[in-house]
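As written, the chain order gives the labels A, B, C and D, with residue 1 at the start of each chain.
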Amino acid sequence: MALTGPIVLTDNRYGKAENRVVRFYKENARHEIRDVNVSTTLRGDFEAAYTDGDQRHVLPTDTQKHMAFVYSKKPGLDTIEDYAIALGKHFVDSVDPVSSARIDVDSYGWQRVSVDGAEHDHTWVRQGPEVRTAAVTVAGKGAAQRRWVIGGIKDLVLLKSTGSEFADFLTDEYTTLAPTHDRVLASSLVVQWRFAEIGGFDWDEVYAGIRATLLELFATTYSKALQQTLYAMGTAALERFPMLAEIRLSAPNKHHFDYDLARFDIENKGEVFWAADRPYGSIHATLARADAPDAGIAWQP
Amino acid sequence: MALTGPIVLTDNRYGKAENRVVRFYKENARHEIRDVNVSTTLRGDFEAAYTDGDQRHVLPTDTQKHMAFVYSKKPGLDTIEDYAIALGKHFVDSVDPVSSARIDVDSYGWQRVSVDGAEHDHTWVRQGPEVRTAAVTVAGKGAAQRRWVIGGIKDLVLLKSTGSEFADFLTDEYTTLAPTHDRVLASSLVVQWRFAEIGGFDWDEVYAGIRATLLELFATTYSKALQQTLYAMGTAALERFPMLAEIRLSAPNKHHFDYDLARFDIENKGEVFWAADRPYGSIHATLARADAPDAGIAWQP
Amino acid sequence: MALTGPIVLTDNRYGKAENRVVRFYKENARHEIRDVNVSTTLRGDFEAAYTDGDQRHVLPTDTQKHMAFVYSKKPGLDTIEDYAIALGKHFVDSVDPVSSARIDVDSYGWQRVSVDGAEHDHTWVRQGPEVRTAAVTVAGKGAAQRRWVIGGIKDLVLLKSTGSEFADFLTDEYTTLAPTHDRVLASSLVVQWRFAEIGGFDWDEVYAGIRATLLELFATTYSKALQQTLYAMGTAALERFPMLAEIRLSAPNKHHFDYDLARFDIENKGEVFWAADRPYGSIHATLARADAPDAGIAWQP
Amino acid sequence: MALTGPIVLTDNRYGKAENRVVRFYKENARHEIRDVNVSTTLRGDFEAAYTDGDQRHVLPTDTQKHMAFVYSKKPGLDTIEDYAIALGKHFVDSVDPVSSARIDVDSYGWQRVSVDGAEHDHTWVRQGPEVRTAAVTVAGKGAAQRRWVIGGIKDLVLLKSTGSEFADFLTDEYTTLAPTHDRVLASSLVVQWRFAEIGGFDWDEVYAGIRATLLELFATTYSKALQQTLYAMGTAALERFPMLAEIRLSAPNKHHFDYDLARFDIENKGEVFWAADRPYGSIHATLARADAPDAGIAWQP
């Protein structure tokens, strides 16, 4: 089946990745900090750059970098979602060949340093490892323009020391795993949620609410499998936050193995574990409202 | 626009990631090594595990791990593509609820150690950073079964010290970049190619040929932009290897900035550069034959 | 000056690195977690293993691994310092050829998940990136035995948005840096403190106190250089905690560069910065009490 | 034992870390590349910067960065050792308060791309993961000046599939490891060698020779333990290269565990292994000529 058809450029995109923008608000002595990693991706009429090396439609990625910084000043970085919408809109509205722009933002957490019990005005300590994310897509010119916002959190490491089992699973001739009715459940979650709409609510409040919901359901769901836990987390998030259309959860099962102390005549009643690195289970779930508006190119990288 | 529709599990998958399998062939004194990182991903009738915690359809990821090792023994790891096809087929053919299986393999390179000018029989030194990859999908039971093979290479770091320019690009009021007619071009490439067919050629030969083609075109193409270089690389690969349906190239533009020595009265004629980390340009291209067979779920993670 | 003297094994050591021990306390419904990374290093009469391949004095690193887990059960991991002392003592006291043992512990932080305003009994979310450390050395048998404890913290990322300058520095013909009287000061600190004594205080309280002191001084010291800030932090720690003999501070100067927005007619009043990765300044300071007991082999890896 | 003595700054140093210098030689069409990561560290009369925030003796790390680039132009980066000596000498000779300078260089390997069987003039592909290193210290002014050069290699990953055992080791009540007379031996080596002298030989030749020696001895030594292998490697290097005073080898024992296939009625004759990440053995050896000149501050970071 040797192919003989002409060769076609079927997809292309380009941008500037990982612009490390730090923005302070210094209106008064109590400063505010926004610490973000911004990536821009443009799609549009760029084919000639590939096929002929013709750059006349290509806005340099260096200019895209400038815009990531410029827009952090004004309209500013009050919320990463509004910032990303404005930045995406800039590229689509102001740069002719651009048909759609995607803006990815990672936002790092900082906690004010405490001095004599009071929060310091201009000093912070990094909080992590969890990172808040946003992925905004703006597509189309003028009245036909559409926008999608995906909020998220990543590197959210959760662990529970009981309330988790794994049993009654499918077995075949190669299955050696013993069922367990009490195990450690741990994961480093990546969760993304697509908004059905923009506006009418506070981005930060919704983020805090979804994060709290994810943590709560991880804690309170008696887990028969990580699959079930993810489903419970996703369902609760969609139920409590009606502005959400869809949620995607990706979760490594970070295995903790009971350490065999019995060979040394020591009893290990679920107290001593070895935290393994690799391999790990890898569980994914996508949940959506049946009446969710279409995702369009929201999930396109 | 508060959504009220029922919540639906619209997608799910699970598997065991990063099984570090090392396989030796020791039929004679001159041993052979295969050093791979294998991830398995299953799709199928697993909804009850999410919605009800019912594991009766769920083959443990621990069993999937066993299979990655078992299949490295037999049929073996002669080529990662045939190994991945066999492993994927096992899950679809032998495990009832599985509708499709995806097997991802990273293969690490090793070079025989040289002793007195001769290659040693059983000692190697790691080669890198580049990694050979394969992503195989097997879907459907019996006669309806389909298979897709995606070969690839990642962390392929290339650099050329001349023969690259970037000029005549689009400018706006925020563009400060000066055009250049001689710059360093460097990237750490991720390339994946989808095969139109399976069989009738040697996996290793085709891999070596595509790799050589990518390197050659990067070297010999006078580059008016990284976009053009990627297009030239992809076109040549498709032209020379008619068993390929499609190729995807992803390339950070690893910037090397001229270091300003003139302020110290030292001339820098394209000799001294600062290699920057972030931000970096990010360029993508997908090329396909117009008569390529459909990709089906080949690119689904 | 070709050397002709005999070749001598002048130093050697061996151990098991990065044992990932997770220990729960489950005496009641409110569980406690200790999540640590333990490395053991032994010195002693092991020369024959090197020179002759004679293993008769070599306790396998596999056995050392067992002990890291065994000792987490009993005496347990109430504090990492007491755990490390006990583990180190075990090797020196029970394994004949061992003359000294060093135990390194990294301790990861976890915060209880909050559900309806209450702390959950058995679910946590990882806190970081900062990590608490301990490095304990036990040397010598019987009455001659000595012990050293080094506490510490690493990956402590601090930032202040004002209250920092760098001016009036040495200049030469290659110096182009402009003095600044208001800059961002940021670092990812590694700090280690050597205790003059063991016992008579609470390890956790002292740790919390030193951490708070480091944060406070970073915040409140008007900084004329990172050097001065480190000195202020170290001095305060030694002054407030008389059980400390010595403190070592290692601090990359994580540069934040003003982003030039003036070229776009936008004023940047210390609001918009680019956070650079490399290169970075690298500042070190060691402070000690003049009457500190000798460090012996406490700092030997 | 509360300490009451005055607090003293007992050690300090500062510099600029990880200057990513790329230097091309373009005298003719066949270009040459040097790709290095340079860190500078200065010691000297800098105490006032710590105690009083007085910068008058402090050469900015920004200026140190400039010098790393300036010196790559001239005298140039023909060898990293001569470059580092010149750069270190610059700081000590030209900057009054500097008493000693340490220059650390990592050098990344590049291989010319092959086009139609010929090496390309100006295009390369990265080789790794191994990295060549140098650590040079220059101390003292004028006639009293001393210099030390430490060469090295890191991330040198070696593996042998047979010719390695571990047996007849010390056992205690906690030892469960079975002796083995045929195992995989693998490590990621960090090796550093101190030169007894400077000059009279070719840096690149000696580097290539030591690297080849390390590989050869790893391959040809029947290993009764990694300790013995390191000793054999170090001894051979010192014996063959009389300009070396001392060699330090640091080697994780990267465990490869036989995968138990017998439970599936499959024979595994040393063919299928699981490559584990953590924990790992950690073995160190230092060998020196008995008549080696003193190391002075050569090993001081």
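As a working rule, a residue touches a chain if its C-beta (ideal position, glycine included) is under 8 Å from a C-beta of that chain, and two chains touch if they have at least 3 such contacts.
Worth saying up front: this structure is predicted, and the values here are computed from it rather than measured.
A.B. asks: Going by the touch criterion stated earlier, list every chain that contacts chain A and also contacts chain D.
C.D. replies: Common contact partners of chain A and chain D, which must touch each of the two, are B, C.
A.B. asks: Consider the two chain pairs B-C and A-C; indicate the one with the greater count of contacting C-beta pairs.
C.D. replies: Output for the comparison: A-C.
A.B. asks: With centres defined as the mean of C-alpha atoms, identify the chain lying farthest from chain A.
C.D. replies: It is D whose centre lies farthest from that of chain A.
A.B. asks: What's the distance between the Cα centroids of chain A and chain C, rounded to whole Å?
C.D. replies: 31
A.B. asks: How many Å are there between the centre of chain C and the centre of chain D, using C-alpha atoms for each centre?
C.D. replies: 23
A.B. asks: Distance-wise, how many Å sit between the C-alpha centres of chain B and chain C, to the nearest whole number?
C.D. replies: About 38 Å, centre to centre.
A.B. asks: Identify all positions of chain C at which a residue touches two or more other chains, and write them in rising order.
C.D. replies: Chain C, residues with two or more chain partners: 19-20, 66, 70, 174, 176, 264, 277-278.
A.B. asks: Which chain C residues qualify as touching chain A in the complex?
C.D. replies: Result: residues 19-26, 31, 33, 35, 66, 69-70, 72-74, 110, 113-116, 120, 122-130, 156-163, 184, 212, 215-216, 218-220, 256, 259, 261, 264, 266, 268-277 of chain C touch chain A.
A.B. asks: With touch defined as at the start, can you tell me which chain B residues reach chain A in the complex?
C.D. replies: 1-20, 39, 41, 46, 49-63, 65-67, 70, 94-95, 97, 166-172, 174-177, 196-197, 223-225, 227-228, 230-231, 234-235, 238-239, 242-246, 252-253, 278-293
A.B. asks: Using the touch definition from the top, list the residues of chain B that touch chain C in their complex.
C.D. replies: Those in contact with chain C are residues 173-174, 176, 263-264, 277-278.
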